[in-house]
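So, here's a batch of structures to check.
The following pair of complexes shares a single chain, subunit A, combined with subunit B in the former and subunit C in the latter.
Coming up: the complex of A and B.
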């Protein structure tokens, strides 16, 4: 594969993590404009871990995911009472605060006579783990897609589990879910935490892919884009947000002839698409139909029975 | 002490333009119950109309102001037709994401027409600031404040003293019931949308005339400032929008003076976040059953 293709595919893979993160919250009925904050936290966290503390990559990515998730849960608590637009704007305000804090954040250590580390608005250069350990672009691409596949597998299992049903139930009607004996508060914080760690992993991968991060990357645009991906691709399955990312980055960004008109076409296309399909290309109905068609051709294995509790949790 | 008062005066002046931005925003939210992310970019399109007139035909401030308002209204109608009118009742998120897509489109369109990053914008007044004792007030700031108060009064009177305003308040209260008593909801919403975008256009003109330059980023700036001021003041409240804008202006002026622009933005977002957590209905958010409900 040539470098351009690898670059585009790597980008798609990394951005998919933020898109999945926003999608998970959409499942629980919340619109977040702020998932880029946890992407940023993961990027800086994992970058600092390898470049400054000399951690191995795996530990650094886990660390990025952990702090992304922890911060997301912390923010999730005060904003729990908020819904709809109020929640969306609160996440937006939080994410912008995080971005500005990274613009002020300086933490530099001299390594081999060179200052390394986040340097405020200048950004954080030389996250060189991938170079230093002779990992080539293709190997890193494999790593990204391995982790993405794991995340998707997680979503498949989630959709089939009791937890997934609870998330969608809270998304449909929170009061009703509460009346069924579901702890809405606990599950919303849990969803926020999982979404935060997903974005955190994506951020860690992003930092090591580009070797350079700066606060400007993590602005509102990234957040609203990642939300839009889920809605373009469809809210019926976790493949929806991925489809959205592929349509945006894969098709439009890589076709050079469209340069200058990309957003005119993409914007108009999305607006028209959402009129026809307000819940995206792969919406719940489509996914259900596809699944039914698939089971008619391949009737096994049987779909798990969700009526009996504990059966498949 | 003099600094403190001078900063507060400047904050009130700048804040009045935030209030005007929030006023248009809150009107759109009131009739739609949906967030129009393309609100700021529509204003930016209007500003580009004005800049083209200024650059190529040497138009004066008054002609430019009218061009900005009309341009913003046209862009607003485009957004309403594409992102809001054809959407089904339950598709609020789709409308919002769609308005974001149109935001991207408008920004790119502006770059295609005028590809440089910044363009000059005609100043409103180049005269020396007026002196009140030790305090200075810029003339264009004063025009800003007066225009804001005047336009707020016009919006308030339109809502409360005209048949069209009555129809709008009926739609804001309950669109189905409004339809049942014979109000042409779709037409009234379109007119309200165009009107709200014009108010935003007026705000945009006043801000840009003080800055004397326009960039495509102005759209994002206007959406964010309008959003913060609207939420602080109370979603859907007309006086709240102005009060929220002025409060935001004062807080920004002080934090800018003492800590610089980065901390200023941090403080502004913190204020928004704190308001949402502690008092989501904002300063003057109405109780749910009055004219402009605060329910999302």
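Coming up: the complex of A and C.
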């Protein structure tokens, strides 16, 4: 496979994590402009773990996810009591705070006579795990998509679980959910933690994919995009934000005539979709219709409807 | 679910090869670029050397790509292959960017040495400089 194609596919896979992260919060009815902060924390955390501490990649990615999730829960506790615009502004402010902190963050260690580690605004170079361990671009692509598939499987299980129903219920009407005895803040903090972990894994993969991170990468542009992917692709399924990423990075990237004007087209596309299809291309109704059509083509053997005694009802 | 967990574990263990660590030759690069005749085209001269011994690295396949740090994954320039000069370790490449501003040049080395070197430069209409620190972002001009 062409190196450029592998690069584009890798970008799609990595950005999908932060898109899924924003999507999970959208499910609970909150708009976050700050998921790039957890992406950054995961990237720096995992990068430090492999480049400075000599950890294996799997442990480093888990570490990035853990600190991304933990920080998201800590931030979520006070901010998730806010609503709508106030929450959105709070997440944006937090993300900018994290970005500026990374501009001040210096932690360098001499490895083989070379200083390695985060160096403030100059960024963090030489996250060389994939080169030191002879992992080629295609192998790393497989790892990205394997982890993405695991994340999607987690979403499928979540959607079918009681927790998924609670998340959607809170997103639809939090007052009603509260009246049903559901702790709205606690469940939102849990969703924020899972979302932070997802963004953290994405960040860890990104740092090892590019071998280089710097605070500018994690500015508001990434946060707005991660939110827009869910709004374009649709909120009916976890495949929605992935569709948004594919449209932006895959489709627009491949049309080189649009080079340099991609952001303008992307912004216009988001604005148009918000008017025509406010819950995205794969909204709940479309997903339901597609599911019904699928079941008609491939009828799943239904279990007999049994009563309590085990007889056919 | 269990089979997915097994598959994930196998893949991670396959990729985790700590015994290979720290055996690789590391490259360092000096890059100087200047505007070419066409708008947004730049000619770059790249000097590659072994970061430990300082010996020039020649006979490698070098591709030069570019990303905008302020817009990660958004402006991804297709990598071009550099040609080697008669001088050992000196390579030339012509890159075409999408706009002026700060770009992270991605030098991918393959062959006897496999490595990646990143250099952040500020590409203007008439000159190319080292990019200053992140707190002074360049204005992107289409």
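The rule we apply is simple: the second predicted complex is superposed on the first by the 299 of 313 C-alpha atoms of A that agree within 3 Å, B and C clash if a C-alpha of one lies under 4 Å from a C-alpha of the other, contacts with A are read in each partner's own complex, and residues count from 1 in each chain.
Everything that follows uses one rule, which is that a contact is a pair of C-beta atoms (placed from the backbone, for glycine too) under 8 Å apart; a residue touches a chain by one contact, two chains touch by 3 or more.
Owing to the predicted nature of the structure, the values given are computational and were not obtained by experimental measurement.
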Touching partner for A:227 - first (subunit B), second (subunit C), both, neither: first
Partner chain in contact with A:25 - subunit B first, subunit C second, else both or neither: neither
Greater subunit A contact set [subunit C / subunit B]: C
Which superposed partner A:37 touches (first subunit B, second subunit C, both, neither): neither
Touching partner for A:103 - first (subunit B), second (subunit C), both, neither: both
Which of subunit B and subunit C A:166 touches, first, second, both or neither: neither
Contacts of A:262 with subunit B and subunit C, given as first, second, both or neither: both
Partner chain in contact with A:278 - subunit B first, subunit C second, else both or neither: first
Intersection of the subunit A residues that touch subunit B with those that touch subunit C: 103, 260-263
Touch list for subunit A against partner subunit B, complex: 26, 31, 78-79, 81-86, 88-90, 92-94, 96-97, 100-101, 103-104, 220, 224, 227-228, 231-232, 260-264, 266-272, 274-275, 278-279
Subunit A partner contacts - residues on subunit B that touch it in the complex: 29, 35, 37, 82-83, 86-88, 90-98, 100-109, 111-112, 220, 224, 227-228, 231, 235, 262-263, 265-266, 269-270, 272-273, 276-277, 280, 296
Subunit C-touching residues of subunit A, taken from the complex the two chains share: 3-4, 7-8, 11, 14-15, 54, 56-58, 103, 112-114, 120-123, 125, 128, 131-135, 139-140, 142-143, 146-147, 149-150, 153, 157, 206, 210-212, 214-217, 219, 221-222, 225, 248-249, 253, 256, 259-263
Subunit C residues within the subunit A interface of the complex: 1, 4, 7-8, 11-13, 15-18, 20-24, 26, 51-52, 63, 65, 67, 69-76, 78-79, 98-99, 102, 104, 106, 108, 114-116, 118, 120, 133-135, 137, 142
